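Below you'll find the structures, each written out as structure tokens.
Two complexes are shown next, each including subunit A; its partner changes from subunit B in the first to subunit C in the second.
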Partner chain A sequence: MSSVFPVSALGREGAGGLSATDPRLRIVTAAIFAVICVSLTSLIALLLALAGAVALAAGFNLPAGPTARRMAAMDGFILFLLISLPFTVPGAPLFTLWGLTASLEGLTLAMQIALKSNAVILSVMALVGTVSPVTLGSALHALHVPGALVHLLLFTTRYIGVLQDEYARLRLAMRARAFRPANTLHTYRSFGYLVGMMLIRALDRSDRIMEAMKCRGFDGRLHVMARFRLAYADWIFVGVIGLGLLALIGVEWWLRAA
Partner chain B sequence: MHIVDGALAAPVVVAGTVLAVAGVARGLRDIPLERIPATGVLAATFFVASLIHVPVGPSSVHLMLNGLAGLVLGWAVFPAVLVGLILQAAFFGFGGLTVLGVNTLIVALPAIAVHLALRRAISAAPPPKAAIWGAVGGAAAIALTACCVALALTLGGDAFIPAAQLVLIAHLPVMLVEAALTGAAIYLMRLVKPELFHPMVRVAA
Partner chain C sequence: MLLELSGVTFGYTDRPPILCGADLTLAAGERLCVTGANGSGKSTLLRLIVGLIRPTAGTITAFGHPCLGEADFAKVRRRVGLVFQDPDDQLFCPTVAEDVAFGPLNLGQTRDKAMATVARVLAQLDLRHLQDRVTYQLSGGERRLVTLATVLAMNPEVLLLDEPTNALDADNQARLTDVLQALPHAMVIVSHDAAFRAALGNRALVLQNGQLSPVAQDPVKTV
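Then we have the complex of A and B:
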């Protein structure tokens, strides 16, 4: 579990490559790319989209190993869906396995879903996941996401690490009392008490946070410090991405017409 | 509980997004600015708790605890879930982007349903009885979540029915675990901090 925490960007800010690109631009690009991606139907266009996402991952310095592991974990979730689809979609028979007939249409649909989901999540990790959570909050604020939601995001990311430590402490205390998880009601009850205790402590902690904030003049408003300006390089990024997206749409349109 | 991009029909994605935006807006209205720290810390707690793996049979499952989250957070569970899903998509590569709305709905809708149905009973009943209601809420939230996932998938076509059936079956053991866990958590919270369910009334009302 420690490999997942704290919530931190896989890549580093200011690590060269494209990492200096304006975060607002990255969020908007990720959103547009995702919408276009899920609308594509041609496998060739989708392969190109996945290649584009891989290029983004390289450009934003996503480390190959951990990224591949995370993608594999996501693919594991949808494995059954992908395997079952060829056999459940009616259409032209392709091959028969244990008395079940796979259809070309089903296989195509499964491949579409696999390509779409991987392309989108990879582009999100590359474009948005490489921004630090604090910068992400500021950028969302600049994009007119409601302030309360931005502040909730900032508080949540700020305290996930703290509460992870608290969880580790409580688990250590349980282990010191010879607790070992098993398939017993005792285990589930103990985990329930653990979660309940974490919530109680979290509420007490939030009271202390609130008092400390009031001490420093908190009046219900939070200020976002970051100021963003589109630089010369950002416009080049817009141009390249725009051309890439147009090319994707062009390929899709051309293949549909053909 | 992660539906990925590309697996759902476009109308499902659009409808899910619209409903999720409405839920999040309602949730944000219920959080006065000075309760944002408390909501954030609780949201972070549920985020951490959802990474706990609990043994089930030969395998293990990670907790979801959306029933408990609904009981504690009220409508604020919508923005809290959305924030959690954004973090998971961007930093852990789980879930997706166009499906953020649908996934928010899948987790938060059962949570708020449990909240509306059981919160009053849980804050009023003596702790052992509250624990039983808590267990009912924990199980109901998972059952509803599994049904929402299955529904969202099958709306895309009959071809998704086997996958939807698998989702339903896979959640049966999770339901039992979450019931026991939620019941125990509610029991402890009612004993240790009886007022815990009261300050949230302002948020939830």
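Then we have the complex of A and C:
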């Protein structure tokens, strides 16, 4: 089992392109882009939005192969919805397949959903997915996200690897004693023990971490170290993205009016 | 006397007491080694000193003040640094710099001051290159030295070390020994490693049947 926790597996910080852009700006941009994308209805505007997301992906140096695989994984979730929509939404008949009639409205809706979801996911992967979890936590803190949530994220980042190692060790110990999973009661009981043991160990560990924190004067307040400043390039980024978003809204408005 | 434990008794529920009437003193400049069988209560002893658990009987005096409640022990923890057995318990921040800064920030240092402390302590231990590393990606030896840095950043007067050489290879063990030898702090060292104790300790106690008794210091060997 490889790492379940790829540290910014797609793209790396400081990897050139737009990677130096302020992470706070990237989070906010991703949020605004998502809201605008979801409100668009014209297929042309949505195609432009998807093109914008592709441009962002290129700008943030997302590797094409792994990115496409992740997108495909996400599309897999909505595939059934996309296939069934043309046949379930009533409207002007378009074609008939095995006695089922597809409607123009249904097909349009399916295309809208496909374009919106892909544009949003791709932009989030480009803008937020390339930020390392640590920086992401600090940036969320700088954006005044509640401290408890930020620290939940940071603690998860820190201990998911430890938990994974613990799981791997226990699993290896089981295999070393000739354990092979099968559809037997013994298998289910053993996995039950494994999960139970991991929970107990996690609880014990959390107690020890709390003690270690108390030993260093922890009083319930946590401090985040990183501080961010907008650079000149960040303002150019804001300008370009802002113009792009305005253009999207303009196209949508113009096509609706026409 | 920096630390003074007298008649300390402690037991975990449903088990016979692990410490019954243990006495210990630590003076400035002393490096006191504590040995004992597995489960004899060595880690418990260290946790008692910093008040993570409370004795059922006996008294703990630190820096001349008797310690009774959480407020007393909170003060003790600022001056007595405990280095845990498992570095993963101690390093909980994502990056080394943040982890080392955690204690100083809790002591009320500003961010800039804390960063200066981080730089100073990491330089002292020759660990500047680790400053921005992610803690869980450190090697075992690096982890051990960084935990020491997190404790030294609090500027303690006494160090409590719980099996510090656990899982260290010979090179890292030698490095840790050098680092500790260069420190002026009084220490209580719990270790199974005779060579390590011989290289550092200047007094030794053995924990047996819940009580601490003096033993001859291990003969000094070259590590």
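As a working rule, the second predicted complex is superposed on the first by the 237 of 258 C-alpha atoms of A that agree within 3 Å, B and C clash if a C-alpha of one lies under 4 Å from a C-alpha of the other, contacts with A are read in each partner's own complex, and residues count from 1 in each chain.
In this text, a residue touches a chain if its C-beta (ideal position, glycine included) is under 8 Å from a C-beta of that chain, and two chains touch if they have at least 3 such contacts.
What you see is a predicted model, and the numbers here were worked out from it, not measured in a lab.
Superimposing the complexes on subunit A yields a three-chain arrangement in which subunit B and subunit C fit side by side. In the superposition on chain A, A:133 makes contact with both subunit B and subunit C.
Here the vertex is the CA centre of subunit A, and the angle it makes with the centres of subunit B and subunit C is 70 degrees, a multiple of 10. Once the two complexes are overlaid on the shared chain, A:223 sits against subunit C while remaining clear of subunit B. Residue contacts after overlaying the shared chain place A:205 against subunit B and subunit C alike. Between subunit B and subunit C, B touches the greater number of residues of subunit A.
Once chain A of one complex is fitted onto chain A of the other, the partner contacts of A:215 are limited to subunit C, with no touch recorded for subunit B.
Once the two complexes are laid over each other on the shared chain, residue contacts for A:152 go to subunit B alone; subunit C is not touched. Of the two partner chains, subunit B is the only one that A:80 touches; subunit C does not reach it.
Applying the stated contact rule after C-alpha superposition, one finds that A:88 touches subunit B and leaves subunit C untouched.
When the two complexes are laid on top of each other via chain A, the two nearest Cα atoms from subunit B and subunit C are 8 angstrom apart. Shared contact residues of subunit A, touching subunit B in one structure and subunit C in the other: 7, 133, 154-155, 157-159, 162, 205, 209, 213, 218, 221. Remark: subunit B residues 2, 4-7, 10, 13, 24, 28, 31-34, 36-45, 47-49, 51-57, 63, 65, 68, 72, 79-80, 82-84, 86-87, 89-98, 153, 157-163, 166, 177, 180-189, 192-193, 196, 199 touch subunit A in the complex.
Residue ranges of subunit A in contact with subunit B, taken from their complex: 1, 4, 7-10, 30-31, 34-35, 37-39, 67, 70-71, 73-74, 77-78, 80-81, 84-85, 88-90, 106, 109, 112-113, 115-117, 120-122, 124-125, 128-129, 131, 133, 136, 146, 148-149, 151-160, 162-164, 167, 181-183, 185, 187-200, 202-203, 205-207, 209-210, 213, 218, 220-222. Residues 47, 50, 52, 74, 77-78, 81-82, 84, 86, 88-95, 97-98, 101-103, 105-107, 111, 114-115, 134-136, 150-151, 154 of subunit C touch subunit A in their complex.
Subunit A makes touch with subunit C in their complex at residues 7, 133-134, 137, 154-155, 157-159, 161-162, 205, 208-209, 211-219, 221, 223-225, 227.
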